[in-house]
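What follows is a group of structures, each given as structure tokens.
First chain A sits with chain B, and in the next complex the same chain sits with chain C.
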Partner chain A sequence: MSGAARSARQWRAASAGNGVLFVLIALLIALTLGMAQLEPLFRALFPDLGNPLYARDSFLNLMLAHIGLVLVSSLISVTIGIAAGLFVTRPVGREFEPMVSSLAAIGQTFPPAAVLAIAVPLAGFGFAPTIIALSLYGLLPVIQNTIAGLGTVPQTTLEAARGNGMSRWQILRRVELPLAMRVIIAGIRVSVIINIGTATIGSTVGAKSLGTPLIAGLVGNNLAYVIQGALLVGLLAIVTDLLFERLERRYSFGGQA
Partner chain B sequence: MIELQGLTKTYAGKNVVEDVSMTLETGEFGVLIGPSGCGKSTTLKMINRLVPLSSGRIILNGDDVTELPAEQLRRRIGYAIQSTGLFPHWSVARNIATVPQLLKWSKSRIDDRVDELMAMFHLDPAEFRHKYPHQLSGGQAQRVGVARALAADPEVLLMDEPFGAVDPITREALQAEMRRVHGQTGKTIVFVTHDMDEALQLATRIALLNNGRLVQYDRPIEMMVKPADDFVREFFGQADLGLKLLSRRWVHQYQRPPSLTHHATLPGLDHCWRLDEAGRPIVLEGARLDDQHQHTDVRSEWIATPEMSMKEALSRMVWYRVMVLPVVDETGKLVGEVGMQGIMGIESNGGLHAGGPAS
Partner chain C sequence: MALPERRRWVGNRVLATLLIAAVASVVLLPFASLSPNRLVSGQPVMLWQALAGWQLAAFALIGLLLLVAALAGPLPRRLALWLSLGATLPLLALDLQALGAYAHGALADASPAARVSQGATFWILLFASALIAIDALQRLRLGPAGRALYGVAALAVIGVCFSGELLSPLSIMREFANQRDNFIDQLVRHLLLVGGALLPALLVGLPLGLLANRRARLRNGLFSVLNVFQTLPSIAVFGLLIAPLSALGRAVPWLGELGVSGIGVAPAIIALVLYSLLPIVRNTYSGLAGVSTGALEAARGMGMTPRQILWRVEIPLALPVILSGLRIVTVQAIGLVVVAALIGAGGFGTFIFQGLGQYAIDLVLLGAIPTIVLAVIADFALQILVSLSRPSGTR
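Moving on, here comes the complex of A and B:
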């Protein structure tokens, strides 16, 4: 009875969440494909501007390039971050934990623009230096949360796993990772959201992204361009965040919910 | 059968467990007990090598398993711990199936085994199979923990203060259940506790440890009546030794035929049971402390069963102020009685050595 009531309540909450998510996704797609339809609006808002709609590239191309940058860099941060987090929580790598944590923390304290400035002479202009900067920048939350997530697995659970005859690998795969997953995903969520915002700066070194109209608008004193770029970046970040929230919820067990 | 030979654990040059040797025959319920820090838990964990041995050997049913890979050894030995250690992300059924899955049993065999164990612990499979640990009460979770430890039919079951974290009422129920399951499965069990009453409830053998050494290893009654030294005597507590003895005695050992007619041979103890047509006791005539001729309606609160401990029977006599309790079978039929003078009678003529372990 109470179980049924609870699941009905959860279902209603979930479907309300779904509604918001679908509206935002629809808005994101509509704006990406149909920004040109809003030209009269921008013209009315900014009558002084000769060119109130960014038209040097399609917003669809910019969006795909932006997502590409974020995907590739996040994939790199997540792979390296989880691997490093796992390494320093195993008996062999335990002594490296302080070093890895502080390295990742230092990576985070560099302003992304500074990382870009360092990366350009090494990797040239465009895609590559941006990926380096974003990957480094997104590393810390993943490493931190991997370590923290594995740390939340109760000692008694680990003792029970060992006492029931699981090997180290089985404990990691069947017990530690599933129980740590929620916290690890929270780290990936932060990392990806940071990278969605930071990827705009990549346009200063020639990487195509939603930052391109933004930077162009700032340089050319065209507020309409800035709004168009920022609107799409903001929406993309919100939608991604909501998607991650749903993913995290799948990994909550009992008391953690 | 499990044999521990000279188990020793050294931490930082100090022996926390020193030369512990004992043999537990198949089907025995061995309890390791002692003050905190005596090494009882460490000794237990050396058996499944959660704590590596510094020296000593472990023989399981004749096999020397000291050198066996730890994971293989642990799949032959059940392990249940305090606060259960259930995997919070797995359902009850999957938790119970942990070791069978590691041993790669077929799915149907695992399902059958899970149902069998849930039935043994009175957990309705339809209701509990798909529940998660956080949806269980403390007692239910602890039952699942023990069921998991028994899942692959291990040769020995190790239990590390498994009922340490539950409330006293649940704890008593779990102890009774453990006695039943032990009787039903005939498992060899090694059980760690610091609670003497729990040890006396469950043990067929008690190993008392102090400062990492085995002080005495014997049947519970022997330890009480023939303590090896003052430490043992003190640990078992002289003050209520009599009551502790009674907690190891069962009503069926003291039971005598019920008195169904009045006879005045025992002045002051003359009494008689009135039964209903099904043979259930309804009225007790006499045998009250306050009024010898009073008729008392029999109440379920002071009925005894053959499996009840004599400590509990005595407690009921005192609390309800009756000199004699009716003993009834499962259907409620009167099969005997047990009285105050019966307790004294047996204890005074050499009864100290009469009682064996719980059978």
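Moving on, here comes the complex of A and C:
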């Protein structure tokens, strides 16, 4: 009975979560497409500003540029990060595991904004340094969680798989990766959320993103621009985080939920 | 199961890989760059062009020693590791000395506006010596004391190189000389902002963590609210705080006189506190939740009051986890203060964003490198504190 009650409560919580997610996604799309319609509101809130609506670029363009930056860099980080995590957990690369783990740990103490700044002398201004900084920084949580996730697979499970006559490749694909997937996705989630934030600062090194109106507002003392940029990027981060939470839950097995 | 043993030539493949990377960078990438003035990009200078004969010979000797240490045959394993660890200190010193000596020589008969900057190979050699040291320290399984000793030795080498006039002709050191007073001010400001945010965060976060531990009902709601702040990009939180705070500063004059306004310190501290709460509350909660029921029952059986149990049993046992939360938060705050410079809060971020605005790379580095050093030092120090706080026997 308590089990039934719990599952009913979980179901209710999940459907409430769905409701919140849909409302937030709708809000995100509506604000991205219809920020211009809110001009009277911003004019009323900030009567002193001559230009209360950021108009140098459409918010749709800025949103797509932001998502593009995060998507490209996250694809690079996830590909390299999972490959590196796999390499150091196979017999060939095990020797590199302590080094890679401590690099990933030390690297994450570097402030993302400082990494972004250091990428400028390496790659100039614009899209390139932002992509480099985001991919490098995003790599670290993915590597760390890939190693941790593969490490949680019990030795007995691996032996059972070997006993069943599965090849190494089969064990990796059908046993290790599915069992480690939840932890790996948690690492990707951390990486993507940090990258959404760092891409915002990317506008200070010349990459177009939702940070562009935000920074322009801070520099030009235009609070309306600041709010428009901050609102959209904040919503984007929350929606992305909720989507990842959902994805993580899908990969949980039995008692791990 | 055993694979057929092949004869292994390389005993330490990590060291061999690092060595190959270092040699490749020496061959392919510039060691320094020389430019006629601060605004023009420089001419690349390769390592062999920059160095005198004895320096080249010394580099070659260190490379040879590291190669011997990486091979499987000639040396016993531990001796090879000690050799590679020992070789990193001269490598570090030589890297810095060579750059400084080159800058002195190249600028001796150049115009005063000419500048020498460090190149990719300089950084890669620095980085390689750090990685070789980390690898050797891990394989030698040295304890915290050994690691700290090596850290002090490396810092001493760096300190000696920076103390004299050796590095002063470098472009970034000239920038530092121009900004010396300002640099100290921003360092102090950076640290004050971090401290000013951590203190209230601890004062609020520790009781909240205790509450989350005692009231299961509160826990989930509290964690999801705090998680939202961790998710939001920092610059967005800073930005969204400006309007309400400036309104507050105007509406309540005495708050305004205290310095509460839309930009500057107030929004920075508030945002930093909001970011810091989740790790503190979560770690306090899980530290307390990790105290074994056996320990609690023993304490109760000894007739301790709930207050005594909290202070003498639960908090001491939970301390390592709580301090790891503090470690996360401190490192995070040092990074977030950089961004707070965009709303006029000061700190090292000021140099970074000023430098980006003027395309003055040295100024950017003058902000970015000290921030990274600060974060790494804070992380290392708190890591040692965490391991000291573990009850003896579980260390």
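To be clear about the criterion, the second predicted complex is superposed on the first by the 242 of 257 C-alpha atoms of A that agree within 3 Å, B and C clash if a C-alpha of one lies under 4 Å from a C-alpha of the other, contacts with A are read in each partner's own complex, and residues count from 1 in each chain.
Quick note on the criterion: a residue touches a chain if its C-beta (ideal position, glycine included) is under 8 Å from a C-beta of that chain, and two chains touch if they have at least 3 such contacts.
These numbers come from a predicted model, not from an experiment.
Of the two partner chains, chain B is the only one touched by A:A161; chain C is not.
In the superposition on chain A, A:L179 makes contact with chain B only, not with chain C.
Once chain A of one complex is fitted onto chain A of the other, the partner contacts of A:I131 are absent, as it touches neither chain B nor chain C. Legend: residue contacts after superposition of the two complexes on their common chain; A:I147 is shown touching neither chain B nor chain C.
Looking at the superposed arrangement, the partner reaching more residues of chain A, out of chain B and chain C, is C.
Look at A:L86: by the touch rule set out above, it reaches neither chain B nor chain C. In the overlay built on the shared chain, the residue A:F110 is in contact with chain C alone; chain B does not reach it. For chain A in complex with chain C, the residues that touch the partner chain are 95-96, 98-99, 102-103, 106, 109-115, 117-118, 120-122, 125, 193, 196-197, 200-201, 204-205, 211, 214-215, 217-218, 223, 226-227, 229-231, 233-234, 237-238, 241. Across the complex, chain C meets chain A through its residues 12-14, 17, 120, 131, 134-135, 138-139, 227-228, 231-237, 239-240, 242-243, 246, 262, 331, 334-336, 338-339, 342-343, 349, 352-353, 355-356, 359, 361, 364-365, 367-369, 371-372, 375-376, 378-379.
For chain A in complex with chain B, the residues that touch the partner chain are 154, 156-157, 159-167, 170, 174-175, 178-179, 253-255. If you check the complex, the residues on chain B that touch chain A are 48, 50, 71-75, 79, 81-89, 98-99, 102, 132-135, 145, 148-149, 158.
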